[in-house]
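A short worksheet on the structure shown next.
Letters A, B, C and D mark the chains in the order given here, with residues in each chain numbered from 1 onward.
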Amino acid sequence: MNGKRIMAAALAAALLAGTTAAANAQSDIKIGVLLPYSGVFGGLGKDQDAAIEMGFDDFGREVADRGITLVKADTESKPNAGLAAVKKLILRDKVDLVVGIISSGVLAAVRDYVHGSETPLIVTNAGNVDITGERCSPWIVRTSFSNAQIVRDMGPWMAGEGYGTAFLMAFDYAAGHQMMDTFREGFEASGGRIVGEAYPPLGETKDFGPYLAQVKAADPDTVFVFFAGGPAIKFAKEWAAFGMKDEVQLSGAGWLNSALYVKKQGADAVGTLGALNYYPSIDTPENHAWQEKFRAAHGRDGSEFGVAAYDSARLIVSALEATGGNTDDKAAIVKAMHAVEFTGPRGPLRIDPMTNNVIQNIYVAQVEARGDSVAAAIRHTFPAVQDPPNGCTL
Amino acid sequence: MSTTTAHARGHGSTDTPILHAEAITHTFGSLLVTDSVTLELAPGERHGLIGPNGAGKTTLFNIIAGEIVPDSGSVHLGGVDVTRLKPDRRARLGLARSFQHNNLFTDLTVRENLSIAGAIAHRVGHVAWRAFARHREVHASAESLAVALGLEEVLDTVVRHLSYGTQRQLEIALALALDPMILLLDEPTAGMSPEETAAMKAMIAALPASLTLLVIEHDMEVLFDLADRITVLDYGKVLLQGTPREVRDSDVVRSRYLGMQ
Amino acid sequence: MIGRDPLHLPVAAALVIAAGVAWYGGDFFRHEVLAEIAIYAILAMSLDLLVGYAGLVSLGHAAFFAAGAYATAACTVFFGWPVSAATVAAVGCAAALAAVAGVFVIRVSGVFFIMITLALGQMVYAYFFKASEFGKDDGMAGIPRPDLSMIGLDATDPQVFSALTLIAAFGVWALLRTVVGSPFGAMLVAIHRNESRVRALGCPVPRYKLAAFVLAGAIGGFAGSLIAQHSGFVSPDLGFWTVSGEVLIMVIIGGMGSLVGAALGAVVMVLLRHELSHRAFWEAIGLPADLASYWQFVMGLIFIAIVLLAGDGLYGRLLTTWRRLRRS
Amino acid sequence: MLLDPGFLIVQTLNGLQLSMLLFLLSIGLSVVFGMMNFINLAHGTLYMVGAYLALSSVRWFDSYWVALVLAPLGVALIGAVFYAVLLRHMQRQSPMRQVLVTFGLIFVGFDAVRMVWGALPHTIPIPAALDGSVTVFGEIYPTYRLFIIALGVTVLIALHFGLERTRLGAVVRAGVDDRRMVAALGIDVERAFFLVFCLGCWLAGLAGVVSAPVFSIFPGMDMSILILTLIVVVVGGPGSLKGAVVGSFVIGMVDTYGQVLAPELARVTIYALMAAVLLVRPQGLFPVSQAH
């Protein structure tokens, strides 16, 4: 039986690899890249992976004569696998810093371990409010956003634009509720009224039809949603198919009209309003240059996921340069990050020393037809949006 | 119906039937399979049940054993109403049965088969902290039963390697392992060669006289020799109840049943 | 007594020695992996009691894993109980859940049992996913490890904690070995082989199935308590049906109906997961490192190969080979 | 809400549409179980592959209708290869092993799809002829969804007549009732199995194609639908044709209405329903008698 021998060989190799992997050159700075390469967020993981590589290509793979080695680990988009992966990076690969994390579940899972191990972690996507709030850590820095940061100013803005009533809809999970609660607060404070809300189960909703019937019955001025990825595409298409497009303004956290999906929504997305920290149509030289480079390499628009990962690479390299390539004093690296300030594709940004969350512009964009394609055009900018400490005492 | 505690081991007084099935009626869909059948077995009685295929013998058997709850009628065991009790409860009250088709633990050995039955009989099946091997009383009684029934040669043979006749013997041995008051035998000689049939007959005849037997059998000769009384079923109805001689001499039975042999 | 299993002691001894060697020379990461293996081995062995012995193929075993984990989290974080008491409470909670659910689920059998246990698992998952007191889908953090300072040990040290979990796994193996070797274990096997006969012999089958379900659930809860202490964190995905599926795979590839087989399955699965998703592993064997992101593909193929080539699992294969060698 | 007739109409149509999709998926799974006594856990994977093949067909031929023809055939072909390479040789082994092999295929299929088509979600456009909406009893409803309902009904009727009128249908009906009898009649059971298996795969592929324009196409779309399909099969009674129809309808409706009427329980409604059905009828709503 040949199969058996192959299996035995594979097992033996597996055990061997475990013992040899850690023996690597001492002088390199090791950076762990913690992304979902498989599982539901596998696509986003690949997107950020490409942008991180691009970032280190652009800003340097060497600091003070020390090379930078990226060590990648797969979170599988699952909290427990993510925790195992970060332990692997820190214990087995002995990385100096960790960068990555797409899903808030994984971030919540690794938070205590990372905090305890005193390894700097640069979060490139996951937006749990409490990670830069109540459960903030001097070791965890976020370059992407907090869920609240994205939508906080959107409520008052929508109310100011004349939308009196809103229907809220997001998947029934922590991030969904954080977004909706933040929007509601701002919207109601500015005189808006919530006329209904629906929270479909995450991962088990095959069809938004039932909820659209509910929205129709409530007849709001706008429906404010938080959906990303496949569901965002699906929602926009069903929204149009049910004839809601001409009756109710569709708005939401900007993953609804993110660069990653908007072209797949096509004409169905036209008119949709979103708020996000990055849109490809931002009209700055930094963004044009970056988009050009990203398109050349990947044949599609760079997205907010890519930008956050790219800026993270820049932040890391800048901070390491500030410490002269010294990675022994981890606290000094984080401290150096607080001093870094630059204008990236998404505009000016810096790290808030009070919370370790990024301070950045938030853009409101509306999708419009451009030839036979569509794109989100910037309608408004909230400059330098900063989260309140939310119980964080750094 | 007397309510004496006749079900206690040691068999009750002779006037209380140890098994009493009263006016059992059961239908499958629109098919009436058992029509107001009444059976009374005295302690130690050997009772035969005959009838053509589809006469409702096995259904009646399953009703007595508890596999089927009848539409109406009642089953009493040693004076206790067991009509709604599950088969395992009836077994614990002293009612054991064999199956028409061998129903054994085919990939275990004879010893293991008998030990499983023994564990239940000795009420140690729930013991989870002491090794089974150390329950010597269970294994000893399994062995002595095997010896009594001529199975000692094959104690460590896996059941599916046994001959059909031996499996049939084990089928009854499993029931006997419970040390029952009443034993229901469903066609004990079905599919057996003449030699095997003779051996089986001898084995049944040698069972303790105190054991009450209810036997379904196709082989008339087996029943006429074994049974004290016989019930003839026909289309779910009792056609006749009597001694083997009465049954043998009955015109109705001759024309309806024996003639068909 | 029931079923001849001549290799379980040598294989168990081999596993204990392998674990000991791996532990003794291990670094931090090795100890983390060892603890993970030990915990999943406990979970797999408890499931094997149901699947391999009692013939109850459950696709909801993660419910008890999650219940044990969350009970530990609640007792330590909310009530400030010592970890030891929380562990006992976790086992109790999981057993109680198994007892209540068991009354219902054991009424069906075969593929229906698979589906109703799946439903049970998903309902528990849904509960923890929505329970705001337990942090909803983000879960709960800050679960401590047992305080061993009075014997001069620090359980937050992976070396100490992994030793603890390995001892626990060994203890569970010994306990379950006792159970399957007892008359009760024999009855479970008998019920699995021929339920109607056991019933006709006078055995109250549902009670035995329920007892097995509760025992397996309690031990599953114990594994859950350990994983909570191991990670310091609990989240609803501990109870998701794919976890039940993975543990079932461990039992199957290791070999159903032999506790060491289940443990072996846990060893193989956890190691394969770690290595196949590790880019350095693929580089080390001269294949493109990108295969690491398609580890599920490779894992699936390996699983199919094991099912095809060793239908009774690795341990079953070992037994057959050993028997053949002995005969020739 | 329940008193709003518009809501009721739209919701009922939504429920019907989900029911039809579930019917396309569950009928193949159920009949294969009835005849061959094994559950193909990779059925959801076939559905996903159907959607992806539709994506590729649309890219190459720029036509939904070509995809509607090609993709299910492609899935049936994959099913045929799978049957010939693996299942046929496992006929005499325990059904459990076959189930396990299909379980392994879920993982293989998931990553294979990622390798070929990438991990980002995709969609295909609704064909021009079915794009837009129509007014049903005064309510705007997407034309394409009505098409799904119509397609499901068509398949249902076709299957009904196929079963009643054709020789293969007779073998299938007999095979579900009593496999040994069919074999005893000297009918080439093997061939019937093969054809039924391929037909089941074809239907799964068809379900994948028709759902592609409504739902997005992504790796993992197989899992949620697989569980739902299994629930339909179990609730209806595995092997029962009537069960698959009624099960699809019940689950489709309960899921659709449940999500809105009891949103707090949305995640568990279906599971609770299945558990309840099994407690009352341990063999499903329409149990297939296990003939001896």
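One rule holds for everything that comes next: a contact is a pair of C-beta atoms (placed from the backbone, for glycine too) under 8 Å apart; a residue touches a chain by one contact, two chains touch by 3 or more.
The shown structure was predicted, so the numbers you read here are calculated from the model rather than taken from an experiment.
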Computed over C-alpha atoms, the centroid farthest from that of chain B is that of chain A
A student comparing C-D to A-C should find more C-beta pairs in contact for A-C
So, in whole Å, the Cα centroid of chain A is separated from that of chain B by 73
Distance between the CA centroids of chain C and chain D (whole Å) is 33
Per the C-alpha means, the centres of chain B and chain D lie apart by a whole-Å value of 48
Chain A to chain C, mean C-alpha position gap in Å, rounds to 35
Chain D touches at least 2 other chains through residues 111, 114, 267
Check: chain A positions touching at least 2 other chains come out as 38, 42, 46, 172, 201
Residue ranges of chain C touching at least 2 other chains are 126, 129-130, 294-296, 308
Contacting chain pairs, sorted by label, are A-C, A-D, B-C, C-D
Interface with chain D, chain C side, in the complex: residues 104, 107-109, 111-112, 115-116, 118-120, 122-123, 126, 129-130, 241, 245, 249, 252, 294-297, 299-301, 303-304, 307-308, 311
Listed in rising order, the residues of chain D that touch chain A in the complex are 1, 4, 6-7, 10-11, 14, 17-18, 111, 114, 118-123, 125-126, 133, 140-142, 144-145, 213-221, 224-225, 228, 256-257, 259-260, 263, 266-267
Within their complex, chain A touches chain C through residues 1, 3-4, 7, 10-11, 13-18, 20-22, 37-38, 42, 46, 71-74, 76, 78-80, 83-85, 87-88, 91-92, 104-105, 108-109, 111-113, 128, 135, 172-174, 177, 201-202
Residue positions on chain C within touch of chain A in the complex are 27-30, 32-33, 36, 126, 129-130, 135-139, 141-142, 158, 227, 231-233, 235, 237-238, 268, 271-272, 274-281, 284-285, 292-296, 302, 305-306, 308-310, 317
In the complex, the residues of chain D that touch chain C are 33, 39, 86, 93-94, 97, 100-101, 103-112, 114-115, 227, 230-231, 234, 238, 264, 267-268, 271-272, 274-275, 278-279, 282-284
